[in-house]
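Below is the structure I would like to discuss, written out as structure tokens.
Each chain gets a letter, A, B, C and D, in the order it is written, and its residues are counted from 1.
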Amino acid sequence: MNYRIKTGIIGATGMVGQTFIKLLENHPWFEVTYLAASEASAGKTYSQAVQGRWHMSSEIPSYAKNLVVEDAANVDKAVGKCSLIFSAVSLSKDEVRKMEALYASKGFAVVSANSAYRMDADVPMLIPEINHEHVNIIPVQQKNHGWDKGFITVKPNCSIQSYMIPLHALQVRGYKIKRIILTTLQALSGAGYPGPSAFDLVDNIVPLIKGEEEKSELEPQKIFGIIQNNQIVNDTSFSISAHCNRVPVIDGHTACVSVEFDGKKPTEAEIMDCWNNYHSVARDLGLPSAPERTIIYKEEIDRPQPRKDRDSGKGMTITVGRLRPCNVFDFRFVGLSHNTVRGAAGGAILMAELVVAKGFVK
Amino acid sequence: MNYRIKTGIIGATGMVGQTFIKLLENHPWFEVTYLAASEASAGKTYSQAVQGRWHMSSEIPSYAKNLVVEDAANVDKAVGKCSLIFSAVSLSKDEVRKMEALYASKGFAVVSANSAYRMDADVPMLIPEINHEHVNIIPVQQKNHGWDKGFITVKPNCSIQSYMIPLHALQVRGYKIKRIILTTLQALSGAGYPGPSAFDLVDNIVPLIKGEEEKSELEPQKIFGIIQNNQIVNDTSFSISAHCNRVPVIDGHTACVSVEFDGKKPTEAEIMDCWNNYHSVARDLGLPSAPERTIIYKEEIDRPQPRKDRDSGKGMTITVGRLRPCNVFDFRFVGLSHNTVRGAAGGAILMAELVVAKGFVK
Amino acid sequence: MNYRIKTGIIGATGMVGQTFIKLLENHPWFEVTYLAASEASAGKTYSQAVQGRWHMSSEIPSYAKNLVVEDAANVDKAVGKCSLIFSAVSLSKDEVRKMEALYASKGFAVVSANSAYRMDADVPMLIPEINHEHVNIIPVQQKNHGWDKGFITVKPNCSIQSYMIPLHALQVRGYKIKRIILTTLQALSGAGYPGPSAFDLVDNIVPLIKGEEEKSELEPQKIFGIIQNNQIVNDTSFSISAHCNRVPVIDGHTACVSVEFDGKKPTEAEIMDCWNNYHSVARDLGLPSAPERTIIYKEEIDRPQPRKDRDSGKGMTITVGRLRPCNVFDFRFVGLSHNTVRGAAGGAILMAELVVAKGFVK
Amino acid sequence: MNYRIKTGIIGATGMVGQTFIKLLENHPWFEVTYLAASEASAGKTYSQAVQGRWHMSSEIPSYAKNLVVEDAANVDKAVGKCSLIFSAVSLSKDEVRKMEALYASKGFAVVSANSAYRMDADVPMLIPEINHEHVNIIPVQQKNHGWDKGFITVKPNCSIQSYMIPLHALQVRGYKIKRIILTTLQALSGAGYPGPSAFDLVDNIVPLIKGEEEKSELEPQKIFGIIQNNQIVNDTSFSISAHCNRVPVIDGHTACVSVEFDGKKPTEAEIMDCWNNYHSVARDLGLPSAPERTIIYKEEIDRPQPRKDRDSGKGMTITVGRLRPCNVFDFRFVGLSHNTVRGAAGGAILMAELVVAKGFVK
């Protein structure tokens, strides 16, 4: 591309919004030209708007500091300023649906970090390496909603990437997943800010993340689904049981996974081969955020570990380890992904790159 | 009893030994009269021996301060001083076997916190509420070894109590366990001192505890086993897959458990009834360390949590919560037990009380 | 005493209120007969009112479970039910002043954990071991306010006990303090619940506690003050500079203290003597919450440490260590006190015992 | 420079050595051509040598993976391979002195992260922004030792950078420091690996770092010293009292500092001006590791914080905040520096750049 696509971020002042701001610095395809948040921030520069609540460990990128924040509800302010919108608004489900539809109706390509549209049969929920073909539902969605060039795509829940990509590596080689029982040890940043109290996470863990288990069990079925009769049909041939825990880790969700296969079962060596030679469509398409290695298997017996492995591939690589036979199912392993990069803003940017590469952003 | 049983502790200076020292303060049945450790500590008072490495949060009990520590290898020093020995020695498996056998051969009732004898078919590995009848193997053990009144009993691994007792509550009511997949989030104290580096457990978790998964999968089969043909025969009718993690928690092992039943399946209400009305044989026998309530179910949706629930029943109660249907197996729940009390020294003291109550300590 | 004083707690459902509930279980002098909180809790049993937000690590004491919580604003509900009131209400400073005055005006002895009245010259702010004589201002206070038998006493800020008592031990022996520069490392529980975000306290510390430094510098001057001309006159002959930090510790405030003396300077041995032989007026008076040893000096070179020393003397003992010459002032040391016990509810109970012993509660 | 200086690292496998390996990746002036460690690592590739104990959060740089590690004691292996040596060997003080002298005697410019030579009057201990002129002692050192072109320079203790540079900013503007009382909250990585036990740093802090306070009080006097009569003479016109604590933070030492001036006292605005306009000689000299801004003052009231500010200027910037009058001395503030970058390997690399720029590496 010989120009960069003008891009907006709505909900730019929250934790996910800030991560977008950070990750889009010097992005080769996207130029941030529009920022919006709640009415309270409208009219302020971005620096003023996040004064005292900038949570990234690096400084506010200079490109963003003096951008004036608009009221996200005032969609007309975006018109002419950009064609792609990242949505990180923090609203009720109904309000998110209304606001994202509003932007789509005005012609924007909306790439959402929110869950509001995840289960709509005409909205692609994308992990580009796995279900890039789901973008083909976009014309159906546009027709259903009466939208001209605008549309909505959503990223899935942040806790599933650590095992979905490793499992996909097996699926594409013909090893069919039947049942999965897994436990996650999830990072604090996944809860937004302020999130859990330090009083609850020092010398303690919390064995509940509200709503997380349900999403973790349902969303993978859509991601592994196929388009049929103008809708994305979930793959219900496998089932997942997820136990989700909050642990005192800043970034990086870990999953302990037991897998049972249906039919042909791979050997340990075959699984290693699937992971070590995973073919990334996102790399084929030249998506800038696709990591050089999508999956890295750590040979050390005590890895992956969140602090030590989360930044692999700039936070976009999935790290796995501890592959071994399961005493009950077939195999077990530990997966790790960076929840605010691969699992949130970084994953959404990769999705945006996909829809651009596929020609949907006009 | 109108007198207290003279009791020794070998390996008295280590973390588990210190917990024995603490928990045996004012014990109604046991009077500590003999302490032993490595040669390096021999001849020192207990206060001197643990100088600068007393890890309990309360002071050294006054009864122990001035007891002179003997060389544990010098078993003759114990003769005449006590009849019951708690073993917390920190040696290689072979050395532990030799030393504990030495004490048993001299007529001592050895109650061990070590793993060396756990899988011997004539050594009872006891969770008194579950398999108190395994004490009946003791005469066989004495005959096998040619011991007169001495014998060895062992406590199981510290990570299994949180689910074994809740599962036993179901077993005794006729609900047969078939398969279990579980993940533990285990406390630091389980690793002894110094244990893991703080560098590895701040903003991090470690998804490996060496040897722990194997023990967690095998030991329950012995505990649920029966005595046949003069040996304890493991119950291999069920299988367990355990994923064991180290987390930055001081005390209290948490387990996320998915259970599949064989045959008749309980309803959620029936499971609650099994737990709420669990009948404790340890209470029937009047064992002083048996908690008033063996199992407590927490109704709060985010419990049990280690820091908040580990001290329940002075660390001897098992706390469970989050009972709900499993998306893959039948049910899932979270269990918690205090690893250095119920899972180590406290559990060993309860075992000692059992063998006393059953008349094996002479 | 052959009966227990009927006692109420207002603000009974918050973190400090819960600590009162816990510490007053089986208190020899006080019987809790009245609980009050905000209107939202009124009419509920205490168990219902704290459902899902009971933060103590032990269960709700059985005496409190079924007490019905009243609306604290409705002072008439208290009349006849009790004569002593512990105040832990969480309101604005003005509202606290009004509510505590209301209770005092109705004849209640109010012992407050709040800061609202701390700097009133006719309100004693008590660390009983240090300034028990300040209770003699109570008749003045009653006259000033036109109260008959009611009055208000307040506990000082939770971060100063760890050094005020050790410094008092020197003052009473004639070593006059001139200047103190200190840094605190303060526990999370001091901030109430939810308090700081875990996101801010994992792999991090926060070098600010709002308002804490100002209080830490001013309150000691009142505590060391004397009654003159019917008011408590601050001792301004010494000055304090306090740097206050929040660290990821559950309970226990640590202070690193450098002290300069005015005039006669003690030797290290003399300081040790002052601490080891500290005479506690609270013990003389037989106050039940006065610890057997008010100050314990730890000889280990790396103590005191919050988790290991905070529970000393049931949380009422001050632990000191690391006494050594200061390279700039005269001496330096590390002090530690349990912030929610000695520094809050426990300290307030000791104050209440003092005013009872002195005959002010009628 | 149109070529890179061939550089070696001795002690390359430890924590500090690994940080050198990481920070020297793509360094514009230095090309790592020689790695050495203990005999146990000799003959292995670097990857093999650090197998299972690579503690950096990024992968081993590809340049280092296949370099063969030599036995550091075998200095002849280094001859011809490099001219500059970074020393991070982990040995006794005497052994370090012998080994570093050995390398210097063979003509190598030794830049040491060890403390062994810190107090030698002919060895420059450098924070390049402050005492770059101390390099002029090198010819004296060479003469004293009979070395031809080799010499030794050392970096100071890792805990002093956070306040020494901010204080230097005041000194150079004519505000003379008289007395400093400070407390540090130091990160785990400063203790090497494994360092403190997690059991001691969860829900806890440790108020002692052995030897740290003495170093922190003495080294600044040498750094602010001058060359007189062929030796570096300490500046004893000011004194420091340091209280050093270990806290559960991975990287980043924080210091709470109270300062008293001698003579002319700056206003708050003047201090801000000194910091905001600090002139860096290291920048003048074009040293590649000198950060664009040596000192950054954070306006937010609760900063600096270690996790959020340590990476500023790639870990080479000093972050300060909370400047305010001191209740006892003149001013107080909070300083923060990255202990393994600015305080260790990064600081040493900056020193190496300085001696290169000054023409001492031949």
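Convention: a residue touches a chain if its C-beta (ideal position, glycine included) is under 8 Å from a C-beta of that chain, and two chains touch if they have at least 3 such contacts.
What you are looking at is a predicted structure, and each value in this text was computed from that prediction instead of being measured.
J.: Mind listing the chains that sit against chain A and also against chain D?
T.: Touching chain A and chain D alike, sorted by label: B, C.
J.: If you tally the C-beta contacts for B-C and for A-C, which one comes out higher?
T.: Higher C-beta contact count between the two pairs: A-C.
J.: Measuring from the mean C-alpha position of chain A to the mean C-alpha position of chain B, what distance in angstrom results?
T.: 43
J.: What is the distance, in whole Å, between the centres of chain A and chain C, each centre taken as the mean of its C-alpha atoms?
T.: 49
J.: What whole-number Å value describes the gap between the mean CA coordinates of chain B and chain C?
T.: 40
J.: Listing for chain B: what residues touch at least two other chains?
T.: Answer for chain B, listing residues that touch two or more other chains: 55, 200, 202-203, 248-250, 307-308.
J.: Under the definition above, what is the set of chain C residues touching chain D in their complex?
T.: So the residues of chain C in touch with chain D come to 179-181, 183, 185, 200, 202-208, 217, 239-243, 245, 247-250, 254, 256, 258, 301-308, 321-322, 326-329, 332, 334.
J.: Using the touch rule from the top, collect the residues of chain A that touch chain C in their complex.
T.: On the chain A side, the touching residues are 55, 188-189, 193-203, 248-250.
J.: In the complex, go through chain B and note every residue touching chain C.
T.: Those in contact with chain C are residues 52, 55, 57-59, 202-203, 250, 300, 307-312.
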